[in-house]
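For reference, the structures are reproduced in the following blocks.
Next come two complexes built around subunit A: one with subunit B, the other with subunit C.
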Partner chain A sequence: MDVITQWLDWLPSLGPGLLVSLQLTGLSLLFGFPLGLLFAVMASAKLLPLQWVSFFFVEIGRGLPALVLLYLMYFSLPDAGITLTSFTTAVIALSWNTGAYASEYFRAGLAAVPLGQKEAALTSGLRGWTGFRMIILPQALRISTPPLAGLAVLIFQGSALAFVIAVPELMSKAFEIGSITFEYLSVYVLTAVIYGSLTLVFLGLVRVLEMRLGRHLQRN
Partner chain B sequence: MGLSFGTKAPPTALSGEVVVSGLGKSYGAARVLSDVNLSMNEGEVVSIIGPSGAGKSTFLRCLNYLEIPTEGEISIGGAHVVAGGKLPDKASLDHLRRVTGMVFQSFNLFPHLTVMENITLPQRKVLGSSKEQAEEVANKLLKQVGLPDKAKAYPARLSGGQQQRIAIARALALSPKVMLFDEPTSALDPEIGLEVLAVMRDLADEGMTMLVVTHEMHFARDVSNRIMVMGNGGVLEIGPSEQVMSEPQNERTRQFLKAVLDR
Partner chain C sequence: MITQLLSSIAQGVGLTLYVTAASLVIGGLIGLVLVGAARSPVAIIRGIATLYINIVRVIPPITWLFLIYFGLPQFALKLTTIQAAIIGFSIIASAFMAEIYRSGLLSIPDGQREAAHALGLSAVTTVGHIITPQAFRVALPAIATYGIGLLKDSALASTIGVREITYYAQQSAKQTHEGLLSFVVAGVLYIAISLVVALIARRVDLTLRRKIGVA
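Now for the complex of A and B:
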């Protein structure tokens, strides 16, 4: 088939783009998820300034479209004397975006752990960081996993936006091929297949993870 | 008890017993607990009974600061705290929680940990026990509560009665001086509740100092040395179990006992 040979021809040049997309997504999640957890914990901190800082970063991160955030950082940072590669800029913007949304999912997860668990931890001498890490957090993470997985997918797909600041990721490679061959539809269909199939594989893996995380709750 | 209330007792003289004096708690203008006094000798079992809303659980939870009392003093097993509407300093709070073991109405086992881990984790973190030491203690306690074969199970696999017995084992693992029970059988059907009461009875026989908020009148009468009746945030009366059950002095107590015994 014509299309298949065409696609096979393009794959070698799309491959590096996909790699960049995956790196961009991976790094954004790597920084964004812990950042989200930090924001979530700060949001319920006793110290008011911590709450404000959390509020500031979360509301901007959620309030602005990722595309706007990307552009703002790309054009403002050099003016502030900070010159970063477009890849680094994209990682920062998407990490912020990830952190802002993830904080809400972590917050929901933490709030869903029954108060009795905290009380049992306290009366068992597991207070402070130990109690949080050993008792509360594991239970919260299990609850937050499905929405966080959904967010990871959104960020993977959102990484295509980095195309606008010249990050050589999958979408920009596809555009490149399109502009040379004028087979725009064909190359974008291939790109869609790549994004879609990777997403499905990832969600399948998350399903397995969820089952593992919930194993202890099964009654038989 | 040779201690009079109102004077500040030296903490060291109170080891192994409970002295609560003038304990009270208010939320703004709302007074939920007022002037509760209680002294217990080592090995004594006191049941706290009374209608809902009487402040029984609030009183019990003030003793390990799950609720923060606003006035009064608490001495338990060498830990001494003067209430002031906020958490005491870390050392006092740790000490207080260290000498008290708590059993909740809803068990509150850690669902993501096995039974063994539920019992060993506090020992390892609080006492610094090695894994082997902690497991040895846990196995002994599992035998004591009649569940030696459940070490590897997760709480969700256990019945309510089994979960509560594990919760008792978990609390005992830190060798508390006083065990606090907050309606330990209220979430269980009457038959299953018996297996938990049996474990508590054994514990009392072994000389554990116990304070039990309960609606189990037979347990209160047969196992506890004294019964404290609470109503409306205060103590209505306190006395030897037989006496409180058969000749209650307070009118409200009579009314309450009639309601629970005549059903």
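Now for the complex of A and C:
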């Protein structure tokens, strides 16, 4: 019972940390997913330089450890005369990371839409952007939504990395409590429980989403 | 400047590889036990294995590392940073490797097992000579991909003070004020190692395929 009262004492100070973690995740997804879609579209663009730009950003975003990406931003932006808060830096780095991974899922989704759909859109007079937005994209999104939702869960876990550049998120708060009370084991177990249970909830939501999206495929 | 940075950051390559490889091997072995347990006829063992895999996967790697490195010494279990990192990543790898093995096993048709049984092979021989070689071939690309993922995750070990690539990059960034360059060098090293691992895995995969006679 000792542990329980201890945990209850700590929850008020961990709460704001969790909020920052969730904000960080939310913002990274908000910027990262459109970025990923952009990279995916650029990868199949007719203009070669666009393909190169997409390749460059995607391969760096996926090839580097998220931690290195984070440090890269954190240590290099101030040298370039750009001073941002550590939170903003973390959002940029995680968005890049998200965008790079998401672009692969978007690409797979776009590739899965049959060519006939595009041709049909063309013959119906829906050219270019209109056809893409109204015919191709909705079908592609339905295919790439489940893996994207899975990615969102991973990004939530990845948000813990922002700890290293002193963003006051859940991990930092736990570390703070740990270094004051020396109850490292207890506080990290609590942190693990918080991360774990939230991840489980998110995974459950992903499952529900997958079932709803696949509903039209289940005949009788 | 770049050569200087490169030579100081490259000192970390050894430990990066060591932590990654050790965790992959230990995690891979525990994963074998786990996948065996997950298919056990005893419901409780099955339940424990599944629970373990799920618990490990839903907790962020950095939380695992801190839990082990800062938490365990409370039980007078003093660990060096490298030990803590290897234990942490082995635990994480074991769960993911178990999942990879599972999908490899699922890809083997039941007919193989039945055929082995019909030929009078014992359960051990069946698993050792019929199922595992085939499952391994299926699982190899996934193992290589996970190995590369683990390589990138191993950067986290720098947060508890393991002197690997990211650690040295951070040191150089602080000392030389060449933040961008230091981490670009670190990034290039990671990508180079990933490429080498991917190439080796492809070679092994091709050799295995040729041996069996597909493609």
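Convention: the second predicted complex is superposed on the first by the 220 of 220 C-alpha atoms of A that agree within 3 Å, B and C clash if a C-alpha of one lies under 4 Å from a C-alpha of the other, contacts with A are read in each partner's own complex, and residues count from 1 in each chain.
Note that in this section a contact is a pair of C-beta atoms (placed from the backbone, for glycine too) under 8 Å apart; a residue touches a chain by one contact, two chains touch by 3 or more.
Since the structure is predicted, the reported quantities are computational estimates derived from the model, not experimental observations.
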Clash-or-fit label for the pair subunit B, subunit C on subunit A: fit
Partner chain(s) touched by A:Gly109 [first = subunit B, second = subunit C, both, neither]: neither
First (subunit B), second (subunit C), both or neither touched by A:Gly36: neither
Of subunit B and subunit C, the chain that contacts the larger number of subunit A residues: C
Contacts of A:Arg142 with subunit B and subunit C, given as first, second, both or neither: first
Touched partner set for A:Ile60, first subunit B, second subunit C, both or neither: second
Partner chain(s) touched by A:Thr130 [first = subunit B, second = subunit C, both, neither]: first
Contacts of A:Tyr71 with subunit B and subunit C, given as first, second, both or neither: second
Which superposed partner A:Gly17 touches (first subunit B, second subunit C, both, neither): neither
Shortest CA-CA distance in Å separating subunit B from subunit C in the superposed model: 29
Subunit C-contacting residues of subunit A that also contact subunit B: none
Footprint of subunit B on subunit A - complex, ascending: 114, 116-117, 119-127, 130, 134-135, 138-139, 142, 215-220
Subunit A partner contacts - residues on subunit C that touch it in the complex: 54-55, 58-64, 66-67, 70-75, 152-156, 158-159, 166, 169-170, 173, 177, 179-180, 182-184, 186-187, 190-191, 194
Residue ranges of subunit A in contact with subunit C within the complex: 59-60, 63-69, 71-72, 74-76, 78-80, 157-158, 160-161, 163-164, 171, 174-175, 178, 183-186, 188-189, 191-192, 195-197, 199-200, 203
Contacting residues of subunit B [partner subunit A, same complex]: 64, 66, 94, 97-98, 100-102, 104, 106, 108-114, 121-122, 125-126, 154-157, 167, 170-171, 174
